[in-house]
Amino acid sequence: MTKRKFGLALSVVLAAGTLLGACGSKDDSSKGDKESKEKNFSIAMVTDLGGIDDKSFNQSAWEGIQKFGKDNALEKGNGGYEYLASKSSSDYNVNLNSLVRRDFNLIFGVGYLMEDSIKEVASQKPKTNFSIIDGKVDAPNVASILFKEQEGAFLAGVAAASVTKSNKIGFVGGIDIPVINRFHAGFVEGVKAVNPDIKVDAVYTGAFDKAELGKTTANRMYTSGVDVIFHAAGATGNGVFTEAKERKTKDANANVWVIGVDADQYKEGQVNDKTNVTLTSVMKRVDIAVQDVAKKAKEDKFPGGEILTYGLSDNGMALADSHGAITDDVMKKIDDYAKQIADGKIKVPEKVEK
Amino acid sequence: MPKKLTTILVPVISVILGLLVGAIVMLVSGYDPVEGYLALWEGIFGDVYTLGGTVRQITPYVLAGLAVAFAFRTGLFNIGVEGQLIMGWLAAAYVGYAFDLPAIIHLPLAILAAAVAGALWAFIPGLLKAKLQVHEVIVTIMMNYIALHVSNAIIKSLTDGGEKTPAIHESASLRSAFLDNLTEYSRMHYGFVIALIMVVIMWFILERTKRGFELKAVGFNQNASEYAGMNVNKNIILAMVISGAFAGLAGAMEALGTFGNVSVIGGFTGIGFDGIAVALLGANAPLGVLLGATLFGSLKFGALNMPNVGIPVEIVSIIIALVIFFVASGYIIRVFLERMSKKKEAK
Amino acid sequence: MEYVIEMLDIRKQFGNFVANDNITLQLRKGEVHALLGENGAGKSTLMNVLFGLYQPEAGEIRVNGKKVKISDPNVANDLGIGMVHQHFMLVENFTVTENIILGSEPTKMGIVNIKDAAKKVQVLSEKYGLNVDPYAKIEDISVGMQQRAEILKTLYRGADILIFDEPTASLTPQEITELMQIMKRLIAEGKSIIIITHKLKEIMEVSDRVTIIRKGQGIGTVTTAETNPSQLAELMVGRQVEFKTEKTEANPKEVIFQIDNLVVTDYRNIEKVKGLNLSIRSGEIVGIAGIDGNGQSELIEAITGLRKVKSGTVKLNGQDITSLKPREITESGVGHIPQDRHKHGLVLDFPIGHNIALQTYYKAPISKGGVIDYSKISELAQKIIKEYDVRSGHGESTPARALSGGNQQKAIIGREVDRNPDLLIAALPTRGLDVGAIEFIHQRLIEQRDKGKAVLLISFELDEVMNVSDRIAVIYDGQIIDTVKPNETTEQELGLLMAGQDRQSNNGQVKEGDE
């Protein structure tokens, strides 16, 4: 696990290195900055504690930013696009301020944990536009981006309930907060829609950064007969994948599935060339939302003070390609539900009924 | 070699060695060390904003370091500074938002609440150590986890399932418009004054009071202390309580200064554990802790500026760890210097 | 004459301090050569030079006539020099054999071969009559046995020349006698021995020749048979030393300290003091004679409040002080020189000045309103350092740890006596000290007596008890079984009493090893 993570970190480092080497950007004089500022609309983001390679919404947001940069011929660095990673919660303000001081036009804060920091820095730096993902900040220069996680999770619930053989399904959550509650609620609702008798075994691990916790939780669930686990737990969820893959390696016939979250986690579930434990992923298209807001801002239509909610109807939520793990029949059923939700015929609750 | 010169030379050489090895790491990974270190320097001393941030970062380190050092000086290993800090943070934040009082009462009350909460959290391992000889390292480590989850649970129950408390009232805040304007919203707050006062207080307790004399004696030799009529158990408990109060105050810095509230957290803040390193860097002396915290805090804060020139946080972490590693292993350099001077003398 | 070791004009300097100034020591083959000197005279430095731990600035060392350079202890080992340290270098939870082979483990294909080593240890042990179980764990065997393990360690590595550093400091009289016999056997087997000591009695008994050093200077070498203890003492200290402590007849007055039916248990709840009665008058020294382990430690701890009393009473000046807190007992007029000065007497990491204030730091004039006036501590420390001739490198600020045993003890005595207690308890006050310091301490005890105080002396050394006490109470199995006057008894009689026999039944049947 650690080894793999280290390898990943190393490859990211190397990738960043080549990128940097290619553009060779440097702190130019302030004059140069101004010039580029006039030419370009620059955007940047600050990650939460998960890091830029969390295979989840930090990474997804960064992909959106990179895409936007490419589409608008921007380069990484000042006057282009950039990210700063936070290692502790006291880094948020510092990183936001750093980016403001580097004259980025629009700065994203990824994750509800950054609400307070965005609020504070936004009030101190009214000339810069900010956007908070997964959180709400009421300020004229902040656009809040929220998602209807429950809608995507509903579809995952349908998929899970259709695939399970043991009729036991698990949910591994991170910290017990509204965002994760929405995933939880939608998932339970989706399962219920297919088979009301299935009980979802739900556990909140209390952390987004503890893969080992995810692994032990998954171990317990699979041992108790659960065959599909949906995780909404950031890096903690990586442990769920590890556990499932270990089981699949030991026994190729083991019926274990994981449903990923935020981004398409197909790669996470890769056991070997032929086997993969990822059933599908509930994609929170942070990248689409980021590009959307960035585009609006560039066109001088920055939705400051607004709360933007992305769901199935505007492709803000989606189910990832199952690579054949879900049969066409089931797929059809899912598409049907998706349509009903997008059309507003089905309203998915945001909280689990107790 | 004169002793004074050695005491100055050792840390200086340590820092230089650490920076050199860090430079090699950057070179090997394909980054420009000069640019990296310039960014580090700028990130610490660049302007009023970074200076303010540096001071803010140092402040809780000083208090956490004092907590660890105080325990060390009295023969105890307080690994529970982290937990005591969390409880102090929670207490200060609670008093900060739940009461509506004039600043002159509110702020001291919130600070006091943090100190008391930290002290209470340390009282438990102290009591167990004194009465049942349970080793304080085990208890304090476990108390860290208990603190983390108790704090999270209390926050949730206070806020109906929310993930953070409301912001503290202005009257309990250590922040000030003056400092915000002066340092361009660096979040620097008046906590550094408290930290400095505590440095003096720790020195005073240990070096000037009867109680400090007893605490140190008990720390060194319980048998002799008992022989001399000291109440060993009482002193052990008291040592933990005072140490915990310092830790609680570190929490108050976060609650009343940097953050202005307390949130549900998934993992430790790390400040309490860094406090151990700070205390060791400072040789467990109050002034040493201040210097250790300054080095630690400056590096940590300055390092945040290094990604701005494209150096990834992972590399930055390695470099900062290297510098601290070399400072902490100053002993090796000291031995080396002594060998050198001995050889010279022999010739 | 053939010398196995010659140290010629050795000079060793630390900074400006000359520890050894042109000292010459020549060891003949097959002799026990004593190295005599006061604490701090430079004995250990000289031996550390020989063992390769220090390099001399001048002089030369010859082994079997050949000039050698001993750059580290390994070289010394190779030359057949072994050292039995005063503080044993043993790993507590290893067996004797494991300790002996530590650092040069015999291996068979990478696996430590304990069995062969243990056999070899067994053979050596039998050859020299050491009687050590190769498989016993160090923590389970007595101090005397641990020392033998140390001796075996040097023999196992092929030492022909053994250096003993203060070998008797922590041994019981019985063990000392046995050690002397072991030394004689080693000599008979062709080994040569250097023994570092300041105990004249042992030198007279075991050594062939004595080299004396004083304050880093070599005074000379004498043949033991041609000298006597007082001459040696004079050579060592540099002045005349009285062995028989000078004192006038006691003038005891009323009983001020009284113990009735005292029962005390140890930590396992076993009774160690079993209904003990004892009274001391003002102006007398009562010595408690007895073999270690007959309840002496528990008795003192009970009197001073460090241990709970099970039943019985302790009264001082008519006031019941039974089971009071240590400080209350101290305040009521008890001074206590504890038997283990490192464990109870001193906070070794504190400066000696702080240690001198250890019983008075909390009250005026030192402490006022919870704040200590450190200048007052200095005043007190300087006074006592001067009055009691406490010698240390940097005066009151020297860490207690850095002082020699004698000076540590002087500081403790100064601290306790300066408070002017009505009862002074002195437990093994001269253990491990040299004659100069012993003399000084005895005089102080007598001084207290002459001032009309009561003194309780506990000692395992019969000489001391006989010399200093006005009355001797013999403790056996937790009770005082008899009280005798020193001038009306003999060592033999005391020895028998200490072994639990009463006076009437003996008739000169002296038991061995009781002294």
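The first chain written gets the first letter, and so on, giving A, B and C; residue counts start at 1 in each chain.
Rule of thumb we're sticking to: a contact is a pair of C-beta atoms (placed from the backbone, for glycine too) under 8 Å apart; a residue touches a chain by one contact, two chains touch by 3 or more.
Predicted model, so just to flag it, every value in this text is computed and none were measured.
Of the two chain pairs shown, B-C and A-B, the one joined by more C-beta contacts is A-B. With centres computed from CA atoms alone, B is the chain lying nearest the middle of all the protein shown. A straight line joining the Cα centres of chain A and chain C is 74 Å long. Taking each chain's centre as the average of its CA atoms, chain B and chain C sit 46 Å apart. In terms of their C-alpha centroids, the spacing between chain A and chain B amounts to 34 Å.
For chain C, the set of residues that touch two or more other chains is empty. The residues of chain C lying in touch with chain B in their complex are 304, 306, 325-328, 330, 336, 338, 343-350, 354, 358-359, 361-362, 367, 370-372, 374. Residues 29-31, 35, 49, 53, 57, 149, 152, 156, 161, 163-164, 167, 180, 185-187, 254, 258-261, 263-267, 269-270, 301, 304-305, 307-310, 312-315, 317 of chain B are the ones touching chain A in the complex. Within the complex, the chain B residues that touch chain C are 208-214, 216-217, 220-221, 223-230. Chain A contributes residues 9, 12-13, 16-17, 20-21, 25-27, 49, 51, 77, 84-85, 87-91, 93-95, 97-98, 101-102, 112-113, 116, 120-121, 124-125, 174-177, 206-210 to its touches with chain B in the complex.
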